[in-house]
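Each of the next two complexes has subunit A plus one other chain: subunit B in the first, subunit C in the second.
Right, the complex of A and B next:
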């Protein structure tokens, strides 16, 4: 446990060493939020309600998605593909620790920083923009939102690792990741709530794991899902998580057999 | 003139090399190309979804809004096609390899700005050009003067985009940071996917004239629709040139600060 705590500490120090880079990383996340926020603010102007969302509900969705997005999708696992490709993975395999634990610790550090800074940024933005926000008062719903958030986080962790593991079989690790970014940008609901899409596209989005990264936790928070839809969402999310976990285990063990430390 | 032709030849050689490197892996190139197409398609679907519930947005029809998005995609893709090397600049600074660009008998800015064109963006261009012509033809009566203004302001947009990329390079030298800076630029520029008139004040004026994203991305389309006066076209060109000169000054300042610390 001490080893993994040290990895978390080391990762945080790594982030704060390059201060300009760190500041620009935070600026970038705020800019990303503002771009989507201002766009929706403009679209909703003159509408009491659009796609079944009031201005307050939509702006709450957009503002909170900026918190959920880095929390769920903030990761360092994209480095794994490069470690495999360059052969540097060998350095980690000989260390007295589990590689999965190493990756998880790096991600925890990333998410810790994200949460600390995202909360303060959202408070500042709230004070500056004064949007009408929907505040959930039911403790049960808040708890369920948190569970959905953790589920999305675990799901994304395995999803991202699997893409990096492609490095065991191909040196082209960036192209599949870029494609996954493109799909994630659209089907996670980071830009808009997925239920505004046409019925066939919404159905497609529900069958993908991206649905559970941002959209599902936020819909649970907004209290816009029926008990049945919520139960169904959690069940499918758990199936996805178990499926991706199993796939990750298989890919890791088969990948290690294919791994030749090429480049070292 | 001979100096210009010399640089054109150098650029051509660098571009051919860059294309060959990018196309070594057909799988990689294919997946990136599909990704770029899907990214374009997904935002288009989003726009059409929004318009499925509203007739106009800030007075613009769905055709006009799609045309704004296509013009944005055109400028954005041409900029990425030429300036892809900027995305790789940080490693040159951190490793000290930028020294090799400095000692060569050519302008180092040319090497780090346009030294690595991206063939995948070239592949997307015919699609955008065809879509711009098709959608432009459905906008109604468009005069030849407005078409000329459109092309002039497209070039002006590219000049402003060049300025932004030079600014990122300057920041790369001063703070060894490029990756986040270039992505911030892309996020900010993405606001130009829809006309600035849609946004509220003071954001609208700021994004149009202070950070000239509006002039760069949305003014060409507005000119074609006849929504810009000739004076505004002249003002936009002056603003674009002024911005470019200021960015060049920032580059020269940064170059003097370069200490080759890592080499």
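Right, the complex of A and C next:
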């Protein structure tokens, strides 16, 4: 445990070593958020309600998604593909720690930093923009949304790892990762709530793991899901998590057999 | 002149050979490019499905803006962005010397080495969609319109290059800005939306983003026959100022450049 805590500490220090880079990273995320915020603000201007959302509800969704997104999708697992390709994975295989534990520790550090700064940025933006925010008051709902958040986080962790493990069999992981990023942009609910999609497309999105990354935790928080829909969501999410975990284990053991440390 | 053309021809062939070396990778990149081209169009279609207009732009006009974005960004990524990414790497690793020692203008040398053919797919997709949309919007395409459109697009590409270059040269002063290119890719996304959307921002945010707000809005307005003298004047004035500024910053930065061996 002490080893993994040190990895978390080291990863945080890595981020804060190059302060200007770190600031640029945060500025980039704030600009991304502002673009989506003003896009929705422009679309909803002059309308009481659109797609079943008032302006306040939509802007709450957009602002809070800027918190949920880095928490769930902030990851260092994309480095694993490069480690495999370059042969540097060997350095980690000989160390007295589990590689999965190492990746998870790096991710926890990334998410910790993201959450701290995302909360501060949202507070600053709230003071500047003054949107009508919806604040959840039910403790049960808050607890359930936290559980959904953690489920999304674990799901994304395994999903991202699986993409990186393609490095065992292909020299370039960039294109599959890029494709997954494009699908994720559309199907996670980062840009818009998924229930504005047509019914068939919404049904498709519910069966994909992306649904549980951002959209599901936010909908739970907003209290816009019935008990049945919530239960269904949690069950499907758990099935996806278990499935991706199993796939990750299989891919890891097969990948190690194929691994030749070619870069070294 | 003949030598330069022959040299550039060799670069074109070398880049093509590098692209098709890994066939599987080549195919995946084509698919990624197509998917990315479609992504923004689909999002615009979705978001405007129940809204007749956004900031004075009708649904058709917004999709035309999105298709122009594909043309614009395709050209930018084909000829410019990978070279600037490479320059950022060269500055970080102290390898810019090899570029500076070449017998050509150093700023020109920043943009000629790499050609990303895959991004031409976005250009083709964007042009096809643009022609289709012009038909649905009942706008007649004329030769002067096409000439002005491409002239404005190329000027916009130069404007975006001039916007990116000063940021890249910051690495000469602080080589640890390793994520500056990713930052610029994200900031460039601002250009996807109409200029009018940003007019409500505070001046200190709107003014730095003005070049990005103009680079797509202007060529789209050429197609929509809404190109005014004022817009044209603003567009070319910003382009000239940005171009001169980028040149000045590049020359100033080179005086402070210290390579890895110095």
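In the analysis below, the second predicted complex is superposed on the first by the 264 of 264 C-alpha atoms of A that agree within 3 Å, B and C clash if a C-alpha of one lies under 4 Å from a C-alpha of the other, contacts with A are read in each partner's own complex, and residues count from 1 in each chain.
Keep in mind that, in the parts below, contacts are C-beta pairs under 8 Å (C-beta built on N, C-alpha and C of every residue); 3 or more make two chains touch, one makes a residue touch a chain.
Please read these numbers as outputs of a predicted model, since none were measured by experiment.
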Fit or clash between subunit C and subunit B when superposed on subunit A: clash
First, second, both or neither for A:42, with subunit B first and subunit C second: both
Partner chain in contact with A:32 - subunit B first, subunit C second, else both or neither: both
Contacts on subunit A seen with subunit B and repeated with subunit C across the two complexes: 18, 20-21, 24-25, 27-28, 31-32, 35, 38-39, 42-43, 47, 50-51, 170-172, 175-176, 178-179, 182-183, 185-186, 191-192, 196-197
Sites on subunit B touched by subunit A in the complex: 25, 27-32, 34-35, 38-39, 42, 45-46, 49-50, 52-54, 57-58, 175-177, 179-181, 183-184, 187-188, 190-191, 194, 198-200, 203
Residues of subunit C defined as touching subunit A within the complex: 22, 24-25, 28-29, 31-32, 35-36, 39, 42-43, 46-48, 50-51, 54-55, 174, 176-180, 182-183, 186-187, 189-190, 193, 197-198, 200-201
For the subunit A and subunit B complex, residues of the former touching the latter: 18, 20-21, 24-25, 27-28, 31-32, 35, 38-39, 41-43, 45, 47, 50-51, 170-172, 174-176, 178-179, 181-183, 185-186, 191-192, 196-198, 201
Touching residues on subunit A, where the partner in the complex is subunit C: 18, 20-21, 24-25, 27-28, 31-32, 35, 38-39, 42-43, 47, 50-51, 170-172, 175-176, 178-179, 182-183, 185-186, 191-192, 196-197
